[in-house]
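What follows is a set of structures for review.
Shared between the two complexes below is chain A, which pairs with chain B and chain C, respectively.
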Partner chain A sequence: MTDPIASYILHLNAMAGGLFLLAAFAIVATRQMLSCVRWFVGQSLLLAASATAIGIGLHSWHLGAVAVITVFTKAIAMPWLLRRTVRRELYRRREISQVLNIPTSLLVAAALTLLAYAIVYPVTAMAAAPFVDINLSVGLAGLFLGAYTVAVRREAVSQLLGLLAMENGAFFAAVSIAPDLPFIAELTVAFDVPVTTLVIGLLTRRIHERVGGTSVGLLAALRER
Partner chain B sequence: MELAAILLAPAAVAACCLVVSRRTAAMLTVIGSAVVVFLALLAADRVLSEGSRAGLGGWLSCDPLGALVLLLVAFVGLMAALFSIGYLPRRHAAGGRVNGNYFSLYNLFLLSMLAVPILANIALVWIAVALTTLASAFLVAYEDTPEALEAAWKYVVLTTLGAVVALLGIVFLYWAMKLGGGGPFTWAGLRAAAPHLPPPVLWMGFLLVLVGFGTKAGLAPMHTWLPDAHSQAPAPICALLSGVETTTALYAVLRLFPVLETAGGVGARNWFLVFGLVSTGAAALLLVYVRDYKRMFAFSTVEHMGIVMVAIGLGDPAHFGAAYQILAHALAKSFCFFAAGAVVLVVGTQEIASVRGLIRVSPIAAAAVLLGGLTISGAPPFAVFMSEFAILKAGLGTAQYVAAGLLALFVVVAFCAMMQHVNHIVFGQAGPVQAVASLPATCVAALVLSAIPVLVLGVYLPSGLHRLLAAAAAALGGAP
Partner chain C sequence: MEERILYNLLQVAVVMGFAPLAEGVLNRLKEIVQSKRGPSIFQPYRDIWKLLHKDEVVSEESTWLFRATPYVAFVAPVFVTLLIPVLTRYPLFFAFMGDMLGGGFVLALGGFFVALAAVDTGNPYGPMGASRTRMVGFLAEPVFIIVFFTVSFVAGSTIPYIVQTVWLSPFSNFFAPSHVLTMLAFFMLILAEDARIPVDSPSGHFELAMIDKSKGLEYSGRGAAIMKWAGAMKLFVLLCIFLNVLVTPWGLASTTALGDVLLAIPLVLLKIFLFLVALVVIESSLAKLRLFRITEFLSAAFVTSVVALTTSASGL
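And now, the complex of A and B:
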């Protein structure tokens, strides 16, 4: 591969990384359920873009497959499954009540991002491979922000989106450090993500039927009294 | 070949259960689980004589530690299937909703747990652990009450969150392997490559796996979902969740210990000791205040997962105790949940305060709760006492007085708390409870059958089982 193309791919990947992090912040801060889903789809497309860029850069056909399956499951199948299982939640309930307000959330999210960079620094300093420094830190930050979304959101669908955003973060890191990891990538994206979405979607629907709402953060019948 | 058959049997039964009637499905499940127990015994026997077994061209493999977990999952799976036959119709009569897919999901859940100890590739092990959650989500929610749905929600969200964290950890382990020169991505391959793995990457991988799978194993402070899920699921599912599902998740964490010991420079022992002691201590305190007897047994699971972690962290002399503890806990805890299920069937409530003087209402259920409480809290001469004693002795023998002392303190607090609750349930005076039903025959059969190993293994350990435990302990050790 000629040098200009390699550096072009590196830049492209860095841009995907920046936008990926932006999408993770947007999922934390967006109140409207539908735009939350759209940000998630955008984030998944950026993950696919990064996987493609690294696949070309490292000549790994595995990553091409990961990118294709990611686009199919996360950008097409996941929103479709959500519409099938929890249509009401997606379209009717627009406001999401959060445990913390949005400015506070964004501050915490920024702190988590810095933390991710600090944790990853000793590892990236040791293993100087292309793509790793960007993808590992952005991926870990994505994981943290997803976990934070699960923690502060009360609505079932946004907690699910937080979980899937975490998975995106884990994959964003994985495609750079383990571009040839056998099966786990393909199998997970192709199988685990849709099944998780389906199980959580169906569970949400039953909670709606039995409890009358999907603010799972407010369910507190089970605790030590 | 028996390893492939172990996975095939529940898969085939799960498919059959979709099309046959519920009664036939129940019979098929019991027969399928019995076949799995037989195959697991066969596999364990061969592992003992050959050191390890491989199947399906190297995709499946089983060593003594794997064989131990495999045997436990198979045995508890059979007992819980038997218990389900009598338990489910009674709960439906009490107002639950009939769900025809119970046995299908049950077999999928069993399949995913059986796959964890015998899959060779670590990446596939991760998928199996993640599947245990997804297969059991609707089993936890089976009774369809708002509480059961809340419990199922917490269970799915928190353990899936843990699984994603563990996924990144496993990717780090793979990366460490690649930086260290490569090799097959199996537990054995990781252990063989351990001296060449770069410590920072290995450390990151270990911590992420510890937090991720630790959530699933119920280690404090990530245990918050566990008492909810393990108290709201139907009793036979509780037996599987508490008895063996936590063990399979912990198994994946324990597998890393020899790797870290061989690699050095990561301080693995301290991580195991700290997480173990925090879990044991938190569970001991929570046991004092618990109000619901199924939650009591659930907190006891957190305690026992902690004890196993401490035993591993104490080092090689305590590892036989750790393997023994894994065995004793799985058998005793599943028995406890069968006993709890029997009490639910007889009196229809889970609150400790409203169950008093059970011995005068249902001697069988009362005897089961008493036996379960005594064994699981570690009264002599039962197996849990023997294993805890072995662990403490090893801790004192290697001069780790602080860890062993704290462990002894927490175990004693937990013992007193549990025995007080059990005493109130069985012998309590104020207004004995009314029995609403008697026990179905299959439930009594499951109780009696699962009581046998609980009663016997403390005083008599068959030589084959003893050798399996010793070999499993060696597989946990640092020396190659």
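And now, the complex of A and C:
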């Protein structure tokens, strides 16, 4: 990794990783539903950018295909589906309620990131592959932050975003570890995303019709009619 | 050696001379965005000149602190100017007197005196602004520290002249995530530290909502002129640190020839102008945050800097 182009690719990939992590933080902390979706789209684009960079670096055309599929499903199809199914929630509700307040959640999120780095560090110290160190740690941190989003939000749509952010994180790690993942596996996962979105979107709609809101936090207790 | 001392003094002259101009340009640009004409870009010079010739009124209740503060606030940015690269790429005579942390401390000393003087007069709005500034300040402090950690970790030094060369050798370092995120965090810090719009409204005239400006309300005449000039210089110095050390270390003189150093002045001013345009876009498109949302803004900056630190600690 001494020639200049490879070093550029390495740094650009690392920058995509840093911004990816930042987008994950933003999904944890953003108040508005719509900007939350936008951050998620941005995160998916960064995932695609990283996949492209690694694809060029490792001469693997699979990763180019991964990038194209990611852009198509997560940056185009997913927001479109959300707009179709839960339009009201997306545009009318401005602020999402959280279990913890935002500074606290950000601190917890920072701690989770450090934990991810601590877990990954011994692994990357052994691995010799060039992109693994940044992608594995950022991907694992993205996974944790997505899980944390699911835990801390009280709103069905933003929990969905957390779920998909987890998936983004897993992909971010996977593109560096297994750049030659069978294509069919990627296609399947990519197909999963719109289906998940559709199912949760429709479910949210049903919940909304029944309860008059999508605050899942309110659904903790059973009530008899 | 003599020329290094000379250039160091030239830096101070540049900062003192052009700081009000930067403020004037900023105000004018803001007015233009609001489709007004706005005052001339030289208005801050006229204001300072006018105030210097007016009588000064000092409250009988105030102590020596109130009288000394304008001078401390004025000297602090001048001192920091001696330590940072404004025009040259190579270290000047005073460069090793203090590092970035030292510069931060000197700037903080000025801010501390201004806050004390605001409490000193007994004007009800001064202490309010002072305590709010302290609140923003202590939230900004950890971000400062982590940014300095990151920078010194990457560069292996805290002297700004050494730091600025690290981002460019090789050039791909410029895209390192630690660099990009550090820039972002420091930018948010400048907004908070200089009381810009998401944190405070610099052009607001409603005393109850003021954070930064209410501290200088009691000053008149020469004191007000010096405080105004000091505020402009503080912004200019922060921009020099941000632009010359962190963002774009280009356009600085790399030889000791006088022509090179003089050529660096318009280039630095151009960079500052471009930054001011970006600042105006931000100030015109965002709304001021509620006081208790400032914690969220600054914790976002903190997390950004922590991410920068962790990515740099992981080897890149």
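Methods note: the second predicted complex is superposed on the first by the 214 of 225 C-alpha atoms of A that agree within 3 Å, B and C clash if a C-alpha of one lies under 4 Å from a C-alpha of the other, contacts with A are read in each partner's own complex, and residues count from 1 in each chain.
The rule is simple: a residue touches a chain if its C-beta (ideal position, glycine included) is under 8 Å from a C-beta of that chain, and two chains touch if they have at least 3 such contacts.
Only a predicted model underlies this, so the values are computations on that prediction, with no experimental measurement involved.
S.K.: Is the arrangement of chain B and chain C around the shared chain A a clash or a fit after superposition?
M.R.: Here the two partners, once superposed via chain A, fit next to each other without clashing.
S.K.: Of the partners chain B and chain C, which touch A:L58 in the superposed model: first, second, both, neither?
M.R.: The answer is neither, since A:L58 touches no partner chain.
S.K.: Using only C-alpha centres after the superposition, what angle do chain B and chain C make about chain A, to the nearest 10 degrees?
M.R.: 150
S.K.: Quick one: classify A:T113 as touching chain B (first), chain C (second), both or neither.
M.R.: It touches chain C, and chain B stays clear.
S.K.: For A:P4, is the partner it touches chain B (first), chain C (second), both, or none of the two (neither)?
M.R.: second
S.K.: Once the structures are superposed on A, label A:A147 by its partner contacts, choosing first (chain B), second (chain C), both or neither.
M.R.: First partner only.
S.K.: Go through the superposed model and pick first if A:A14 touches only chain B, second if only chain C, both, or neither.
M.R.: After superposing on A, A:A14 lies in contact with chain C but is clear of chain B.
S.K.: State whether A:M166 touches chain B only (first), chain C only (second), both chains, or neither.
M.R.: In the superposition, A:M166 touches chain B alone.
S.K.: When both complexes are superposed, which of chain B and chain C contacts more residues belonging to chain A?
M.R.: Chain A has more residues touched by B than by the other partner.
S.K.: Looking at the superposed set of three chains, what is the minimum CA distance between chain B and chain C in Å?
M.R.: 18
S.K.: Using the touch definition from the top, list the residues of chain C that touch chain A in their complex.
M.R.: 170, 172-178, 180-181, 184, 295-296, 299-300, 302-304, 306-308, 310-311, 313-316
S.K.: Which of the residues in chain B end up touching chain A in this complex?
M.R.: Residues in contact with chain A: 121, 123-124, 126-127, 130-131, 134, 137-138, 141, 144-147, 149-154, 156-157, 160-161, 164-165, 167-168, 170-172, 174-175, 178-179, 185, 198, 200-201, 204, 227-228, 231-232, 286, 289-291.
S.K.: Quick check: in the complex, which residue numbers of chain A touch chain C?
M.R.: Touching chain C: residues 4, 7-8, 10-12, 14-15, 17-19, 21-22, 25, 29, 102-103, 106-107, 109-110, 113-114, 117, 121, 124, 133-134, 137-138 of chain A.
S.K.: What does chain A use to touch chain B in their complex?
M.R.: Contact set of chain A toward chain B: 119, 122-123, 126-127, 139-140, 143, 146-147, 150, 156, 159-160, 163, 166-167, 169-170, 173-174, 177-178, 181-184, 187-188, 191-192, 195-196, 199-200, 202-203, 206-207, 210-211, 216, 219, 221-222, 224-225.
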